[in-house]
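Common to both upcoming complexes is chain A, partnered first by chain B, then by chain C.
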Partner chain A sequence: MLAYIGRRISIAILILFGSTFITYNLQAYAGDPLAELRQSTEQNKQFLIDQLTKQLNLDVPPPARYFMWLQGILGVFTGNADLGMTRNKLPVIDQVVAAIPTTVRLVTVSTVLAIVLGITFGVLSAIRQYSRLDYSLTFVSFFLFSLPIFWVAVLLKEYMAIRFNDFLVNPVVDHIWAGGTAIVLAFVLAGFVGGSRRRVFATFGVGFLIFFGAFEAMSATLWLKDPSIGIIAIGVFGIGIAFGLTHVFTGLSNKKALGAAFTSVGFSLGMYYPFQQLAKGDTNYMVFTALAITMLVVSYFIGYFFTKIDKGPVIRVAMLTAFFTSLLTVIDRVMQTWKPYTELGAVAGRPIQTQGPVNILLKSNDFWINNLDLFTHILLPTTALTLISFAGYLRFSRGSVLEVLSMDYIRTARAKGVTEREVILRHALRNAMIPLTTLIAFDIAGILGGALITESVFGWRGMGSLSIEAIQNQDLNLLMGTFSITAFLAVMATLAADLIYSALDPRIRIRK
Partner chain B sequence: MAINFKKKNNSEEPVELNEAGNEAAGTRGMSQGQIIRRRFFQHKPAVAGLVFMILFTIFVYSASGIHLGTSDNPFSIQGWWPYTITTVSDFSACGSGCPSAAHPFGQDSIGRDYFALVTRGAEISLMVMVVIGGLGGLIGTVIGAVSGFFGGIIDAVMMRITDFVITIPSILIGAVIGYRVGNLGVLPLAVFLGIFAWTGLTRLVRGEFLSLREREFVDAARVAGASNSRIIFKHILPNSVGVIIVSVTLLLSGSILTETGLSYIGFGVQDPDVSLGLLINKYQDSFNFAPWLFWWPGVIIIAIALSINFIGDGLRDAFDPRQRRRIKKKDFLTTSAK
Partner chain C sequence: MKKSVIKGVALVAASVLGVTGLSLAPASAVTRTTVVIQETNSLTGLNTAVVGANLVTNVDVTYPTGSGFTYWNNKAQLVRNTAFGTFKITKNVPGDFRVTYTVKKGIKWSDGTLITAQDLLLSHAISSSDYSVKAGLGDPTPADPDADPTNKFDSAGYGGPYDDHTTASSFDISDDNYSLTVRYDAFQPDWQLFGPGPSPIHALIGMAKGKKALQSARVNASYKSLFEEAYYGAYEALPPTDDEDYEAALEARTDARKTMATVAARWSTRYNITTVNSSTNPLVLVSNGGYMIDSCGSTSCTLKRNPLAATSGTPKLTGNVDTLVFKFPATGGTFSDVAAAQALANGEIDIYSGAASAAVWSTLKANTDATTIQASSALYEHVDLRVGSADAGAHPDCAADYTGPFAGNSQKAKDLRKAFLLTIPRQDIANTYIGKVFDPSTTANSTVLNSHLSLTTEGDYSKVVAGISSHVAEFSKTQDTRNAAALALVRKYYPSAGPGSNTIDVKLLRSTAARRADINLQIQIQAAKVGFNLSNVGNGAWPNFLDCNDYDAHLFAWSRSAISQTGSNAQYITTGGNNSYGWSDAGVDAAFNKFEGALSATELIAAKINAEKLVAAEYWSAPLYQWPGVASWNKSLKNVMYNPLNPNVVWNYWQFTY
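And now, the complex of A and B:
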C-alpha cells in the first residue's frame, strides 16, 4: 500500500512538472507582456521596456525561463519558496495568500450546500422513481444543467438584489401576489409530501392557508423591515423539526427517538436566553464555536442516554434536531441586527449587495453586523453557484441509489422483512454514496481553483478572478502562482479519490 | 419496421412484462436497434428535444447563411434573412431599437439587426459545440477503449496522461488561440478545445471496457481467433455504445456552456465573430432599457443545452437494458390475468 502511494506521488510530481511546463510556455506564447509598452508614447519608453525585460527576465526564452521559475518554487523544500514577482513588483505569494480565503469562503459554502441539497433531493427522487416529484426534479435538474452562470448572475443581480432592495422600502405584498406565490409553494409542498390523492389535496389546502397567512402577516407587520422569529415560533418550528426528523430516520413509532428529539428541542429553547446574553455584539468566533460544540456534545448525550438498544439513529435524530433548532436561534439573533444594519449609513437601506465580498465602507466592531454583512454579500454568488452544481449531485446520487436498489442484497433485505426505511437508510444509502466520493473529492480540490466566471461577475478578488486578470495582463508569474496550486490539488484529488474508493468499497482493490 | 413501430406507439395495448418488469412480448422479433429506437421514441421530452434541435439548426443556418473562412478571406453564402451582422439600419419603430415587424428581435445600440446577430451567434455556438463534442468523443473513446482493454502498464500510462490533461485549464487554451491564431476564425478554437475536452468521457469508456473485457463473449471471440482490434471494434465497442453516446451528449451540452462562458469572459470567440456568450457580455448592462438584447442569447443557450440534455436522457433510457420500464397498475392487472 505504502509503495503504491509512493509510486503514485512520484508520478504526480512528474505530471505536475509536465503540466506546469506546458502551461508556462502556453501562456508565454499567448501574449506579449511588452505589447502595451511598445505602443505607449511616453518619453522613457525604451527605458521602461528594458526595465520590465530585466525584471521578468524576458530576454531568456520561455522554456529556459521556466526552469528559473521552477528553481524559485522548489525553495518550498528549504522553507523559502519564491513564486516570483507580478508585473507591478508585488510578491505573487502575497497576492495568492490574500485571494485564497476569499475563494474558500465563496466556493466552500456553495459546494457544501450543493452536496447536501443535491444528495437529499437525489435520494428522494430515486426512492420515488417515476412519480410526479421525480419527473419534476428531473426537469428542474436538466434546466439547471443548461443554465449559463453569467446569464443567471445578471438576473440574480437584477431580481434578488436591485428589485428586492427597492421592495424593502415598503415591504407590502399585495393580495394577488401573496395568493399566487402561496399556491405555487403549496403545490411544491404537496409534491414533496406525496401519498394518496386525498393526502395531496389536504397538504395543498393546509399549505396554501399557512403560506397565504404568513405572507399577509408579513405584509401587515412590515416584517421584512425588522424581522424576528421569537422563542415561541422557534419552539413551534422545533417541534415540527423533531417530528419530521424522527419520521425520516426512525419512524414515529420509535418513542425513544421522539423523546430524545423533544428533549433536544427543550434544551435548545432553554439555551435561548443564555445565548442572547453570551452572544452580544462583542462576541467572537471562539465563543460562538464553543457554544456550537457544547450544543452538539449535549445533544449527543441526550440521544445516548435515551435508549439502550440501537443508539445510532436516536443519537442522529437528537443531534440533528438540536442543530436545526439552534440554527433557528442563531438566525433569530442575526435578524435582530437586520434593522440596525440596513439603517447604517454605509448600507443606506439597500442590504443585498451585488459586488465584492465585504462592504469596505462598513467600519463596525459588532460581530453580528459584520457577519450579516458577509451574508448579504455572499448570498448572490452562492445562489448562482449552488444552482449550477446542485443539479450534478442530484442526477448523480439519483442514478447511484437506483443502481444500488436494483441489487440482489436489497431484495434479500426486503424479503427477510426489513422495513423500507431501514432498507434505504441502512442498506442502500451507504453503498450508493461510495461513487459520490470521486465527485466530492474533485469538487473539494476545485474549491481553490475558484469560480472563474462567478468571481469576475460578482467582483470577488479570489483565485479565479486573479487567474483571469493574470492572463489578461500577461502576468506570467501571477498565473503560475494560482495555476500551480490548482493543478497540485487536482492531481492530489485523483489520488485521494482512488484511495478513498478502494478503502470504502472492498470489491475494489488496488493492484500491487 | 416503420409500420410495426407505428402500430405499437398508437395502440393502447399494454406492454407485456416479464418477471423483472422488462418488456418481453412487445419486442419479440425486433432487432436490438429497433428496440432501442422504439424506446427512444417513447421518451416524449427526448423526441421534443430532437425535433427542436433539427428544426432550430435548419432555421438558423438557412436564415443567416453559411460563413466559413477567416475575416480576411471570407467565404459565405447568404441566407434568406435580409440583414447581415454588419448592416446598420435606421431605428424603425422606436428610438432605442425595440422589436418591430422589420426587426423581430430588435436592434442593438448602433442599429444592427439583432435577429441577424443572434442567429449568427447561435450558428457559431452550434458549430463549436459539435466540433468539441465530436473531437472529444473520438479521442476519449479511443483512449478509454485502449486503456480499458489492455489494462496494465498501458492503462496506467494512459490514465496518468488523462490526469495531466485535466490540469490544463481551458481558459488558457482560449487565451492562446485568441492571441496567436485569433484571425483564423473560430474553427481552430473549437478544435483546440476539443483536443482537451475528452478526459471525463475517457474515464467512463475505460470503466465500461474494464468490465466488458472480462465477459464470456470476449473469451469466445478470442478462442475463435479474433485479433485485439477486432475484439475492440466488433465485440466490445458495440456493447458500450450506449455509454459513449450518452456521455457525448453530456459533453455537447457542457461544451456549449464552456464556449459561451469563455466568450463571455473574453477568451473564446472574438470580435468580429459573434457568439451567444459574447452577445450576453456586450449587452448585459442594457438589461433595464433594452431587455431584448439580454434575453434572447440566454434563452437560446438554455434551449439548446436543455434539448441536448433531454436527448441524452432519452438515449440513456433507450440503451440501458437494465432500465426497468414504468409499470402502470392496469398493465400489471392484465399481465397477471393472462
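And now, the complex of A and C:
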C-alpha cells in the first residue's frame, strides 16, 4: 500500500512539473505583458518599457524564466517557499491567501447544495423511472445545465435582486399572480408526491389551496416586510417534517420512529425560547455551534432510547427531525433581523445585493445582522452555481441507482420479502453511492480553483477571478500561484478518490 | 354577519397598508452622505508614480487624497488650482527657461504639518536621471541599451522631456521656503504639465527612521530640514582629495546618500499596499486632499473627509458628501461592466463610468433613477501602414528590411498606400462601434475621427479638421466612389487588379479581440474589390510586433493620458519613439518640430493644420474613430461630470453633493 502511494506521489510530482511548465510557457508566449504600455502615448514610454522588462525579467526566454519561478516554489523544501511577486509588486502568496476564504465560502455552499439536491432528485428520478417526475427533472436539469452562467447571473440579478427589492417597497401580490404561482407550485408538488390519478388530483387541490392561502396571507400582512414563522407554525411544520421523515426512512407503521420524531420536535420547540435568550445579537459562532451540537446529541439519544432493535433508522429520523425543526427556529431568528436589517442606512430597503461577499457600507457588531448580510450576498451566486451544476449529480446518481436496482441481489432481496423501502435505502442506495465518491472528490478539489465566471460576475474576489485577472494582465506569477495550488489539489484528489474507492468497495483492491 | 366580518378584515388590511405606506417615508428622507464609485479594475497600490502603478483605479482612489498646482477638467483643459499655489514663467531666453512655483502659505498636510516648497523637492528626485546619478541613487536611463537600470527610486517619472531638459541642480528653493524655481535648458511647450507635485517628506523620513506613528510638529519640522539637507548633500561636489575638508565632506555626502537611499526604498515600497486598516502605519496615509484613506480591502476603499480639507490645498469642498467609497470588481471586462450596471440599478453604487457596450448601455438606460450619458474616451482606433524599418531597428524575429507593397517613398508606394487607405470603410466601422452600440436600429452616421492630432473631444478639433477639409472630403466620399478612385490608382501598376484578382498581399497586425477581427474583415471585404489581398489573423502578442517588418499594416488604438502640445511628435517624427514604421519625411519632421516651441492658440492650430496636411499627403495612416464610453450616476447626486482623461468622473469630487 505504501509503495503504491509512494509511486502515485512521484507520478503526481511529474504531472505537476509538466503542467506548470506547459501553462507557464503557453501563457508567456500567448500575450505581451507590455501590451498596454506599447499603446500608450506617454513621452517616457521607452524608459517605462525598459524598467518593466527588467522588473519582470522579460529579457529571459520563458522556458528559462519558468525555472526562476520554480526555484522560488522549491523553497518549500527549505521552509521558505516563494510564489514570487505580482506584476504590481505585491506578494502572490498574500493575494492567494486572501482569495481562498472567499472562494471556499462561495463554492463550498453551492457544491454541497448541488450534491445534496442532485443526489436526492437523482434517486427520486431513478425510483420513478419513466414517470412524469423523471422526465420533468431530466428536462429541467438539462435545461439549467445548458444555460450560460453569466446569463443566469444577469437574470437572477434582474429578477431576484433589482425587481424583488423594488417589490419589497410594497410587497403586495395581486390575486392572479398568487393564483398562477400557486397552480405551478401545486403542480410541482403533485409531481413529487405521485401515486394514483386520484391522489395526484387531491395533492394538487390541497397544495393549491395551501399555497394560494399562504400567498394571500403574506400579501395582506405585508409578511415580507417583517417576516417571521413563530413557535406555533414551527410546531406545525415540525410535525409535518416528523411524518415525512418517518415515512421515508422507516414507514409510518414504525410507531417507535414516529414517537422519537415527535419527541425531537417537542425538544426543539422546548428550545425555542431558551434559544432566543442564548442567541441574542452579541452571540458568536462558539455559542451557536455549542447549541447545534447539543441539539444533535440530545436527538441522537432520543432515537437511541426509543427503540431496542434496529436503532439506526430511528436515530436518523430523530436527528434529522430535530435538525430541520431547529433550522426553522434559526430561520425564524434570522427573520426577526430582516426588518431592522433592511432599515439600516447601508441597506436602504434593498436587502438582496448583486455584488461582493458583504455590504461594504455595513458596520455592525450584531451576529444576526452580519449573518443575514452574508446570506443576502451569497444567495444569488450560490443559486446560479447550484442551478447549473446539480444536473451532473442528478444524472450520475440516477444512472447509478438504476444500474444497482437491476442487479441480482436486489431481486433476491425483493424475493425474500424485504420491503421496497428497505431494498432501496439499505441495499441499493449504499452501493449506488460508491461511484459518486470519484465525482465528489474531484469537485471538492475543484472548490479551490474557484468559479471563474461566477466570481467575476458577482464581484467576489476569489481564486477564479484572480486567475482571470492574472490572464488579463499577463501576470505570470499570479497565474502560476493560483494554478499550482489548484493543480496540486486536483492531483491529490485523484489519489484520495482512488484510496477511498478501494476502502468503500472491497471488490476493488489495489494490486500489490 | 358574514359581510361585516369581511368588511372588518378589509379595514384592518387597509389600515395595515396605510400605516406601512407612511412608515416608508422616513427611510428615504435621510440625506445620504456616502458616494459609492464603481471602478473597472482593482487597486494595485497607493503610489501612482511607481513604475506600472499609473493605472486608472490607483489614480481614481488617490486623486481625492492629494492636490497640486493643476488638474484636468471635463473639457480636457488643464486648470490651475490656486488653492494650492501659483506658478509662472520667470525667465524665457534661449538656453534658460525658468518656471517659478509658489505654494500658498498656510496649507497643511493632513497631520497638520505645513506644506512648503521643500515638499516639492522629491518630485525632482523621482524625475531627473541626472539627479539620480549624481546623488548616488543609480542610473534609471543607462546609455548602454543592454545595461540594466539601477535606479533606487522605482519611479515612472524618468526618461521624458522634463528629464531631458533639466539637470541635478535645476531646483532652487526661495529663502522663505515657499517658492521653487525649475530651470530648463530650453523652452518647454508642455511646461504646464511638468509642475512638481508635493510629497510628505517628513512622513518619508519618519518611515525611514522606523517610526510607526504620527510625529509632533517640532519633530516633523526637523525631519523636513533633514530631508532638505540630505537632498542637496547627496549630490554635492566633493573638494579635491588632498583638501583637508575632503574626509568630512565625503562622510557627510555618504550619510546624505544613505538617507536618500532609505527614503527611496520607503517611497518605492511602503505605498505599494492594497490593504489599509487600523494596523497600517499612519505615516503612509499623510496626504493633502479633500479626503483621506480610511480603509482598503480587496473589494473596496473607503475615504473619509480630511478634517483639514479647508487648508489642504484642494479647491473648496462645497458638497455634503463625507465618505467616498471606491468599489473594485473581481476582474475587469464585459462581465464586470454589466454587473456594475445592474449594481447601479439595485442602488449598490452611485457612479459608474467605463467602456460602452450594447449590453451595458441598455441596462444603464433602463434605470430611471440614474443619469446616463454617452461619452468619448481618450482612446482612438487607427490603421498605420509600414514604409520602412523602424528607426530604432527591426524586431529580431522578423525580416531585417521592409520590402512590402507600401515600402519607400516612390510614387507607386504612395499610390498603393493611398488606394488602401481609401478603401477602408471608416464610416461603417464608426457606425458599428459607436452609433449601433447605443441604438442597434440607428441609421444615423456616427462621428468618424478625421484628425491625427486632435481628438473630437478637444476644443480645436473642428478648426483643425476644417483646415484639411479637401483631404477629409476625399476620404469621406461614398464607398463606391472611393473604391473606384483606389482601383484607378492600383491599376496604374497592376492593370488586371480588381475584384477576384487580388495580387497585392497585405499583412495586417492586430490583436485577437473580436472587435478588431470584425474591423479587419470589413476592411478586407472592401480592399479585395481593388486588388488587395488583406490578411485576417490576430496575434495575441501583437504589441510586441509593432516594429516587425513582416507586417504591412497595423490596426490598434492609441491611448492619450494627457493633452499636450508635443504629444503626437513621437508618432510622426523620424526618430520618434512611437514611430515603428519607418515614417520619415523632412517636411513632416520640420512641421512637428514647430510644436517644440512657444505657440499661441491660433499659431498652434495653424501648426497642427500644417502637420496634418503633410502627414495626409504621405498616406501613412488613417484615424478611424474614438472609442465611446458611458457614465451613469445616481440622479440625486449632483455635479458629476465625465472627464475623458484620468481621473475620469472623480476629477471634481469636491463638488459632489446630494
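Some notes on this structure:
Quick note on the criterion: the second predicted complex is superposed on the first by the 508 of 512 C-alpha atoms of A that agree within 3 Å, B and C clash if a C-alpha of one lies under 4 Å from a C-alpha of the other, contacts with A are read in each partner's own complex, and residues count from 1 in each chain.
Going forward, contacts are C-beta pairs under 8 Å (C-beta built on N, C-alpha and C of every residue); 3 or more make two chains touch, one makes a residue touch a chain.
The model shown is predicted, which means the values in this text are computed figures rather than measured ones.
Contact with both chain B and chain C is seen for A:158 once the two complexes are overlaid on the shared chain. Applying the stated contact rule after C-alpha superposition, one finds that A:29 touches each of chain B and chain C.
With both structures placed on the common chain, the touch criterion links A:331 to neither chain B nor chain C.
When the two structures are aligned on the shared chain, A:5 is found in touch with neither chain B nor chain C.
Of the two partner chains, neither chain B nor chain C is touched by A:81. By the touch criterion defined above, A:459 lies against chain C but remains apart from chain B after alignment on the C-alpha atoms of chain A. Once chain A of one complex is fitted onto chain A of the other, the partner contacts of A:148 are limited to chain B, with no touch recorded for chain C.
In the overlay built on the shared chain, the residue A:490 is in contact with chain B alone; chain C does not reach it.
Comparing chain B with chain C, more residues of chain A are touched by C. Residue contacts after overlaying the shared chain place A:15 against chain B, while chain C stays out of touching range. On chain A, the surface patch touched by chain B in one complex and by chain C in the other comprises residues 29-31, 150, 154, 158, 453, 456, 468, 472. Contact residues on chain C toward chain A in their complex (touch as defined above): 13, 16-17, 20-21, 24, 27-28, 30, 32, 34, 36, 42, 44-45, 50-53, 140-141, 148-149, 154, 156-161, 163, 269, 272-274, 297-300, 302, 325, 327-333, 335-336, 338-340, 342-343, 345-349, 540-544, 546, 556-561, 564, 566-568, 570-571, 577-578.
Partner chain C is touched in their complex by these residues of chain A: 29-32, 34-35, 37-48, 50-52, 54-55, 86-90, 98-99, 102, 150, 153-154, 157-158, 161-162, 165, 169-170, 172, 220-222, 225, 343, 345, 348-350, 352-357, 360-361, 453, 455-462, 465, 468-469, 472. Of all residues in chain A, those touching chain B in their complex are 11-12, 14-16, 18-19, 22-23, 26-27, 29-31, 130, 138-139, 142-143, 145-151, 154, 158, 406, 452-453, 456, 467-468, 471-472, 483, 486-487, 490-491, 494.
Interface residues of chain B facing chain A in the complex, by the touch rule stated above, are 45, 160, 163-164, 166-169, 171-173, 175-176, 178-180, 253, 257, 260-261, 264-267, 277, 280-281, 284, 287-288, 294, 297-298, 301-302, 304-306, 309-310, 313, 322, 324, 326.
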